[in-house]
Every structure is written in C-alpha cells, then in structure tokens.
Amino acid sequence: MDWTWFHRFGSPPHLYGLAGRLTPWFAWPSAFLIAAGLYGGLVLAPADYQQGDGFRVIYVHAPSAWLSLMAYTWMAVAAAIGLVWRMKAAHAAAASCAPLGAWFTVAALCTGMLWGKPMWGTYWVWDPRLTSELVLLFLYLGYMGLRSAIEDPQRADRASAVLAIVGVINVPIVRYSVEWWNSIHQAPSVMKFGKPSISWPMLTPLLIMFVGFTLLFVALLLVRLRGEILRRERHARWVAEVVAG
Amino acid sequence: MSDFLSMGGYASSVWPSVALTFGIIAWNIVAARRSFAAARAEARRRLAVEGSP
Amino acid sequence: MSSAVSCARLVIGRDLRLAFRNRTQLLHPLLFFAIVTTLFPLALTPEPSQLRDVAPAVLWVGALLASLLAIEFLFREDAQDGTLEQYALSGRSLTWLLFAKTVSHWLLSGLPLALMSPIVAYGLAVSPAAMPGIAASVALGTIALSLLGAISAALTLGIRRGGALLSLLTLPLAVPLLIFGAQATARAIEGASLVAPMYFLAACAVLGLTLAPLAAAAAVRISLE
Amino acid sequence: MSSAVSCARLVIGRDLRLAFRNRTQLLHPLLFFAIVTTLFPLALTPEPSQLRDVAPAVLWVGALLASLLAIEFLFREDAQDGTLEQYALSGRSLTWLLFAKTVSHWLLSGLPLALMSPIVAYGLAVSPAAMPGIAASVALGTIALSLLGAISAALTLGIRRGGALLSLLTLPLAVPLLIFGAQATARAIEGASLVAPMYFLAACAVLGLTLAPLAAAAAVRISLE
Amino acid sequence: MSAHRLSGDSLHVFRGERHVLRGVSFVAEGGDYLEVTGSNGAGKTSLLRTIVGLVHAESGRVRWNGLDIHADAGAFHAQLAYLGHESPLKADLTPRENLHFAIGIRRRVGGDEIARALAETGANGFADRPVRTLSAGQRRRVALAGVVLAAVPLWVLDEPATHLDAEGHALVGRLVDRQRAEGGIVIAAVHAPLPVAGAGTRRIGLTLQ
Amino acid sequence: MSAHRLSGDSLHVFRGERHVLRGVSFVAEGGDYLEVTGSNGAGKTSLLRTIVGLVHAESGRVRWNGLDIHADAGAFHAQLAYLGHESPLKADLTPRENLHFAIGIRRRVGGDEIARALAETGANGFADRPVRTLSAGQRRRVALAGVVLAAVPLWVLDEPATHLDAEGHALVGRLVDRQRAEGGIVIAAVHAPLPVAGAGTRRIGLTLQ
C-alpha cells in the first residue's frame, strides 16, 4: 500500500494550507443548516403530544450532546495517531478538539438541566447518563489541565495523548448508559438501528441540526488546528514565509 | 408572536437553552479565531526578533 | 527596610502569582471537592430525600479533604527548594511570614471552596434557602482548618511522604470543626438558627489565628535543623 | 543476566524494604481509611440503621481516597532521585518494571485496605456475615484502582503539584469501580449474590493488567524526555 | 560600615550520632575571606550550617560582633546571606521574579537593581524564562545574583562554584573580592580554591573524623 | 570484547523552544574518552541525554555499533551506564542496598562485588548508613560505584566529579582510564578536564546558541 498520501496529509505546511482553504466550505453551510434547523425546530415542528413545546430544547440539547461525544472520540483517535506515528499535525488536531468538546459538554449539561426542571422537577438528578456526561466534562478538564501543566509542547502532546486514549472508555459508557442501567433519561430515539421512533416533522429539523453542528465543529476545529500547527512549527522556514506574507 | 415566545409555558427552559447554546457557539467562534490570531502574532514576533530561520 | 505589611504582601503576592501561573492548579481543590461530592450520590443513591440527609456530612468531609489536599503544598515546595531556609535566615519574623503564607493558602483554597459549596449542596438536593448559611460556615471553618493545617504541614516537613502523615495529624484535630460545621449545615438545611455552631467555628478560627503561626514557625525551624 | 522474574522480585523487594524501613508509613493508607470512615458517623448520625445504609458508599469512597493517596508516591520519589531514569536505561522492559512496582503498591495499600475493610464495616453497623464479600470486593477493586492510578501517576510525573492533578485524572475513571464496588458491598450487606458486580470488577482488573503497564511505561518515557 | 567580626570558639557539632566537628575555632574580620576545605565528609557543610545557626553546636558558640548568634537570631540573619549545595529557586518563576520575591522580604529592591545583579552574574540572557528550563550552571548564577542583591556584610557559601564553567569560577572570585573590598566577610566551603586576591585569606582545613 | 563504536551525525536538538544543538557530530570507538565541554547552558547535558536516548533529536541520529539507538533501545541501554547531575540514590537505603537493587535489575551481582566497588570509590567507610545522612561528595562516590558495577562498555557521565574533593577527581580519572583500557567508551561533560591519560581523548566543544 502506498502511504505517501498519509504523510503528505500529515505534513504541517500542507495541512495548514488545506485547513485554511477548507474552512469556509464548512462554515457557511453550517451557518445555513443551523439557521434552517432552528427555524424548523422552533417554528415548523408540531408540539409534542406529551411534553408540549418543552421538547423543543432537543434541537439544541441533542446536537450539543452528540458533539461532546464525537469531539472526544476524534480527540482520542488523533492522539493515538500522533503517538504511534509521532505526527505533530495529529497532536495539533487532538489539542484543538479538547476546548471545543469541553464547551459543547457544558452546553449539553446546561440545556439538559434547563430541560430537566420542567420534565423531572429538578435541575439535576444522579442518573447514569447525566453523571457520565459530567464525568466527560471532568475528563476534558483533566486533559486540558495536564496539557497546560506541561511546559514543553512536545511532551504535553504525548502525555495528554496517553490520557485521551485511556479516557475514551468513558464514551461508550455515556452513549449506552441509558440502555445498560434503567435511566430516567430519554433512550436514543434518533441514533439507533432501524427506524427512528419520533415523527418525521420533528425529526427532520433535528437531523439538519446534527449535520449543521457537525460542520460547525469541523470549521472551528480547522481554525484552531491552524493555530496549533503554527505553535508547533514556529521555528520552521515555511512558517516564516506564511506569516511574513 | 407572543404565543411563539411563550412556548406553551416552557419559555423558561426553551429560550435560555437556545440562548446559552448560541452564546457558547459564538464564544467558540471568537475563541478559535483568537487562538489562531495569537499563534500568528507570536510567530510574527519571533520572526521580527530572531530573523528568518 | 520594607515594613512588615509590605513584606507579607510580597509573600502573598508571590504565592498568588505562582498559583495563577499554573492556572489549572487553582482549580484543583475545587475539582477535588466536586469529584468527591459526586462520588457519594453515585455510590449511595440518587434519592433526593436520602441525599439531603447525608448532605452535611458529605459536604464537610469533602471540604475537609479538599482543603487538606492543598495544605500539603503549603510549605513543601518552599522547603524543597530552599525558600523556607531563606525565610528563616531573612532576619524577618518567621511567624509573620508563615502567617502570610497561610493567608494566601486560604485565599486559594478555603475561599473558593466556600463559594462553591452552594453548587455542591444543590447537587445534594439541598434547598436554595440554606445556601448563604452553608457558604458562610464553610468559609469560617476553612479558616480554622488552614491554620490547623499549617501546623501539621510544618511538622511533617522533614518527612518523606509527609502527605499521608499530614492528614493523619490534622484530621483528628479537625474533628470538632467537622462536627460543628456539619451541625451548622444541618441547621441551615432545616432553616434553624446557625448562631451556636458558627460561634464555635469563629472561636476556633480566632484561637488558630493567635497560636497557629507561632507553632508553625517553631516546627519549621526544627525541620531545618 | 538475571531473569525477568528475579528482576521483578528485586523491584518489589526494594519497595517493600523501603516501606518497612519507614514502618509508620505503611500504616498511612490504613489510618487514613480509618479516619475518613470515622469522620462520617461523627458528622452524620450514630443511628445504626442509617449508618448501614451509607456504609457501602462510605467504605468505598474511603478506600478509593486512601488508595489514591498512596498512589501519588508510586513513582514520584523514584522520579525525583533518578531511579526511574535508571530503570528506563537499564535495558529491561520498562513496562515490566513498572508492573512490578504496581504490584508492590497493591501489596502495600490495596491488600491491607481489603484486610481492614471488615473492621471498618463493623464500625458502620454491618453484620459479620457480609465481611468476606466486602473484603473480597475491596481486594479486587483496589487491583484495578492501583493499575489505573499507575497511569495517572506516570502522567503527572513531570508536574509540580501533580498530586492534585492526579486525583483529577484518576477519580473520573474510577467511577465505574466505585459504582460496582459499592453495589457489591450493598449486596453483601443484604445477603444477595455478589457475582454480577464482582465479575465486572474482575473484568476491570484484567483489562487494567493488560493495558495499564503499557500506558504507564509510555507516560514515564515521556516524562523523562 | 563598622568593621564586623565573626568568630567561633571550639565548636563541637554532632550530626546524628557522629561527632563531626571537634573543637573548631576561627575568627574572621571585615575584609576577610575564610576558605573552608577538607575532604568529602570532613564537615564543611556542617560547619557552615552551624555558623548560620541552622545546626546547633553541642558546645562552643558562634559570635557575630561579639554577640552569640542565637541571642538575637533575627538581627544576625538580617546581615547574612547563605547559599547551600542547592540553589533556592522556584522552578515555576523566572529568575527575575525569584529574586524579586526572595530579596523583597529583606529590603525594598528595584527592578533595575535586580537587572544589574543578573547582568553581573551573567544571567541576563535568561532572566525571563522559568527556572525549570535552565541548565545547572545557569541556576547557580541566578542564586549568586541573589547573594549579591542581599547587600549584607556576611556571605556564607557552600561550594559556590559548583556547575559553573571557567568564566563562572572567575566571576565568583571577583564577587568575593568586591564583597571584601566593601568591608564584608566571606566564608566559603570549596574543593578547588577560588581565584581571589591573596591578602586577607584565612583557611580552615577540616579533617575527616 | 568486540570493538564498539558510538557515533552521532549532525544532531539537532530542541529543548522546549530553544534550538540547543545545531548539527553536532561525533565518533567514539572502544578505548576513547570523549570530553564534552562548553560554557553553562551550551548544551552538554542535552547532548548526553540525547546520546542515551532520553531526549529525542529533531533531526540526525545516534548510532551504537552502526544501529540507530532507538531501533532497539533495550539492547542499547543494556550496554550503557548514565550518571546525571543528581546521584540516583534512595535516601532511606544504605549505599550497599542502593547498589544491590539498582544493579540487580541489570545483572546478578554478589555482595563481595558490591563491596569491592564501594572500596574502590572510597565509599566503604559509610556503606551501611542511610544515604540521607551522607555529605554531597559521599553520595557522588556511591553513584560512581554504581557506574563501575554496571560493567558495561559505554559510560555517559554528566559532571562526574561534582562535589568531589581533589582525591575524588583523581579517582574519577583512574576509573575512566581503566574503563578505556578494557575497551570501553567514556563520554563525560566536564568544566575542569579530568586527569586521564592523554591518548585517545577526543573533545566536543559546544558553544552557547
């Protein structure tokens, strides 16, 4: 198998340029989709027969929660690649995932709490899914804490990569906690095998939101990635050329 | 319109959630751009101090 | 020669600067507190009424351990890199310098813990009305705890793995603080008057303020020998 | 050249010798465990039935914190005095050497904690019939905990005040151990079957045995760079 | 500056169970350099720590300007700078910050004064990097800058030139000479003699007990 | 013992953000003593740590007997003894115990062999006291005994003679000479040259970047 594409892809100057060129291609569609999804979710979708209009929180809650998990997974995968092939660009990607993932975890927690007040009568219960999402936040904080505690960027990259890989075990726990333990939290109704269990008019805006959030995440990741690449390659000649221009 | 804003009595969860999420999105956009700009400025400063490598 | 106050300001300023340099480390006692108090509902039960019953105990044991965790570092690094030796040889009152260090420790651990305790209490199903009382009692209790911890930290300086011994020395002495703190919290939850336990916590803090720095200075001198 | 086994024996022998040289330090995790678990009844209530309800949570949180306290020192001293560097340059598999160190850590903390847990449980008004189950579950849980802690300890090596970061990194990952450990204890108290939670704890231990030393060795190498 | 005088008479010092110093006596006056030599384990470090008051002598006393140093330890310490085997620096702070905080508790000190001391000890090239990232010799230079900045009459230095390069050795010699010229007293434990001006050098040779 | 060969070609090393070594190359063969000199912060320690494989070079490689050291790090390390700025000793164990446990994981070693090494480095007078109570130079001697006991062809020593007295300097020179006579290679970072036999000495002079 020919691996040159892999190394070319991982070469910092190439990736830096590519990321710059790709950003708008993710940013604008995401803005459009999120706007459309929001309109669809808040205005067009019919009220839920049980929860009334309260269910509309789902259009921000579920995509945020989904991103919080996706970001961790990507972070762990990037970290593993960086560790195994000593690839700086992959470490840069992992480092860029963490703050984004942490913020979307916060968003999922807060929107979930706001939703929980009318539905369960309290902002917080010690439910497995809620708890494991909180643990996910702690993991993100631990990752960023470890990273900032180590001065040398190379060492910080590799040490935090080990942590990211070890912590990935929490992702399936969050994802499947609802099924493994009996939980008061909603079981997956969209992302499950077979037919989704909610109606299409409600589902469509949600799916649009999922895609929009994912694209947004990629766009933000690319912007951060470029910064991280510059930080790691400060002493490289190509950086001088790029920055001077 | 006020019907829409009241969200069938759930205004106090729906609107804060939406506002919060978009607040976080906005902050992330600002922060991402800022982090890139900071890295760029830093590289420029180094270039000015140390000259081309 | 700079005055005693400016000298204390310098010591506190240095500790705060060091703490803010490792920004995340500022969060450690808080996160530890948050994590320990999260572990309980997980291991126990998610039932709010039952959680509310154990809330004072969980809150205070958590705060105690978090504060202790931070105390371990009160003098240790300064001892290892020779700063403490230099303090002892600076011609300044060591008691005063150590007192300043204890103040900065409380600012960096006790105060944030007190500010955070209402959030933790909420997670333990405590009603919002009890929050001001809880925060106040934790703030007062951690003052006494920091001072108490300063003595133990100084005593365990010369010792390898002092950390474990430190908790051993401090925890038994902290028992009265724990009992009255938990009592104050329990009363805040019931909506009863906090005066009696708060009065006791304040007495402990005042006693600590007068005696602890002296004892700590003596202990530090011994450890340097 | 000495064999891998004799080499591990040497590493473990050294750690045990060091521990027994500072005899009191051997007692630290145990005493910490004892103190934390006594703080609870003090802060809570002396009511036996209520104590029995919180016993699994108190026991496991106490054991978790005690074990964590000891883990901080798993590699720290060896890193400071250069022993770890020598291990990495010894031509031996670092994974294996660190595994041996983790074993000695468990022998010095997990095992004594398991042996002591029945006593603590008795203090929490648990009936004697539940004791074997409790001790077994603590023994199994602390194996996984020592292995998990080894990774965090290795990761926080290069870092000042790594201790606080260490608990931050370890506790979230230890949550499943806590939940299942407390569940096993609760079942032992009720007289129900422990098989399911014990099976889970064993699975964690096996997973840890295969993966943790590898991760720890990677982390140690990084810290030495 | 009045002439200072430091003396010890028949000091007996135990470390643990060992009788390390057996009746060591010395006198040093303003302008003197007291060189403490002796093979490894002879008791140089123990003597210096006794002189600054960190170790208590079993018998005999150390006098500063005629007064037992333990009589008014605060006043004595205010006139003294001690540098041990290890350099007392915070790894997370920069050299500049380290000196600011360390000297600040002794006396008011300005940024320019710190900068001058750092330049003098050849440490201005790395004055604003965390000490953690400095080499062994670079740290020693920062520690020496701290001794200079203390601006006190008595210096007690334990192997001040460890980890220093040849130029660093010369630097230590110059610093010692300047301190003596200003009427100060320097006591240093060394293995290789420092390059100081000959006059006014006294020696204590310790032998292994 | 087959003739060994250690080489580095155009090593570039970064510490944090600093380009510390710029294209350093060297060769050493059985019987050689490679003396690394340079002012404080020139990169001696960094070079030694790169040679033993603790620091990774940004470009260039170190070869042991023709093979990249990272290709089979275990095999390389089994032939290597490294002594850094600090002596790797457990404060609570005695020198004898320290050596027993440290060398034991490399090879089977008898008590008499340890005793001989301790005697050779002048450490037998305090072989059974906890290291905590030893003076700085005494600790260094114990660490040197560990290097001798490793019985490996390659020694990498960072300022081996720190804290040692004059007799200790001569001792280090003797040890280095013997190691070379047995076909080994010694690399040492030093500030003052070690008293070794002249032939077979190569030098790397590093300059501050």
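Letters are used for the chains, namely A, B, C, D, E and F, taken in the order the chains are written, and counting of residues starts over at 1 for each.
Just so it is clear, a residue touches a chain if its C-beta (ideal position, glycine included) is under 8 Å from a C-beta of that chain, and two chains touch if they have at least 3 such contacts.
For clarity, every value in this text was computed on a predicted model and none was experimentally measured.
A.B. asks: Which chains are shared contacts of chain B and chain F?
C.D. replies: Where chain B and chain F share a partner, that partner set is A.
A.B. asks: Determine which of the two chain pairs, A-B or A-E, is joined by the larger number of C-beta pairs in contact.
C.D. replies: Taking the two pairs in turn, the one with more contacts turns out to be A-B.
A.B. asks: Relative to chain A, which chain's C-alpha centre is the most remote?
C.D. replies: So the farthest one, by centre of C-alpha atoms, is E.
A.B. asks: Can we say the copies chain E and chain F touch using the same residue numbers, with more than half in common, or are the two sides different?
C.D. replies: Mostly the same residues.
A.B. asks: Farthest chain from chain F, comparing Cα centres?
C.D. replies: Most remote chain from chain F, centroid-wise, comes out as B.
A.B. asks: Need the CA-centroid distance for the pair chain C / chain E, whole Å please.
C.D. replies: Spacing between the chain centres: roughly 37 Å.
A.B. asks: Between chain E and chain F, tell me the centre distance in angstrom, where each centre is the average of that chain's C-alpha atoms.
C.D. replies: 30
A.B. asks: Using CA atom averages as chain centres, what separation in Å is found between chain B and chain D?
C.D. replies: It comes to 42 Å between the two C-alpha centres.
A.B. asks: Calculate how many whole Å lie between the centre of chain A and the centre of chain F, each centre taken as the average of the chain's C-alpha atoms.
C.D. replies: Computed value for the inter-centroid distance: 48 Å.
A.B. asks: Spell out, as numbers or ranges, the residues of chain B touching 2 or more other chains.
C.D. replies: Within chain B, no residue touches at least two other chains.
A.B. asks: At which residue positions does chain F touch at least two other chains?
C.D. replies: Where chain F meets two or more other chains at a single residue, that happens at 15-16, 56, 91-92.
A.B. asks: Would you mind listing the residues of chain A that make contact with two or more other chains?
C.D. replies: 131, 138, 141, 145, 149, 151-152, 154, 234-235 - these are the residues of chain A that touch more than one other chain.
A.B. asks: List the residues on chain C that touch chain D in their complex, please.
C.D. replies: Listed in rising order, the residues of chain C that touch chain D are 22, 24-25, 28-29, 31-32, 35-36, 39-40, 42-44, 50, 53-54, 56-57, 60-61, 64-65, 69-70, 72-73, 77, 160-161, 163-165, 167-168, 171-172, 175, 178-179, 181-182.
A.B. asks: Across the complex, what residues on chain C touch chain A?
C.D. replies: 22-25, 27, 31, 34-35, 38, 41-42, 45-46, 48, 51, 122-123, 125
A.B. asks: Across the complex, what residues on chain E touch chain F?
C.D. replies: 15-16, 18, 38-41, 45, 85, 122, 125-126, 133-138, 140-141, 159, 162-168, 191-192
A.B. asks: Under the touch definition given earlier, write down the residues of chain A that touch chain C in their complex.
C.D. replies: Its residues touching chain C are 122-127, 131, 134, 138, 141, 144-145, 148-149.
A.B. asks: Inside the complex, what are the residues of chain A that reach chain B?
C.D. replies: By the definition above, chain A touches chain B via 38, 42-43, 47, 52-54, 56-57, 60-61, 64, 99-100, 103-104, 106-107, 110-111, 114-115, 117-118, 216, 220, 223-224, 226-228, 230-231, 234-237, 239-240, 243-244.
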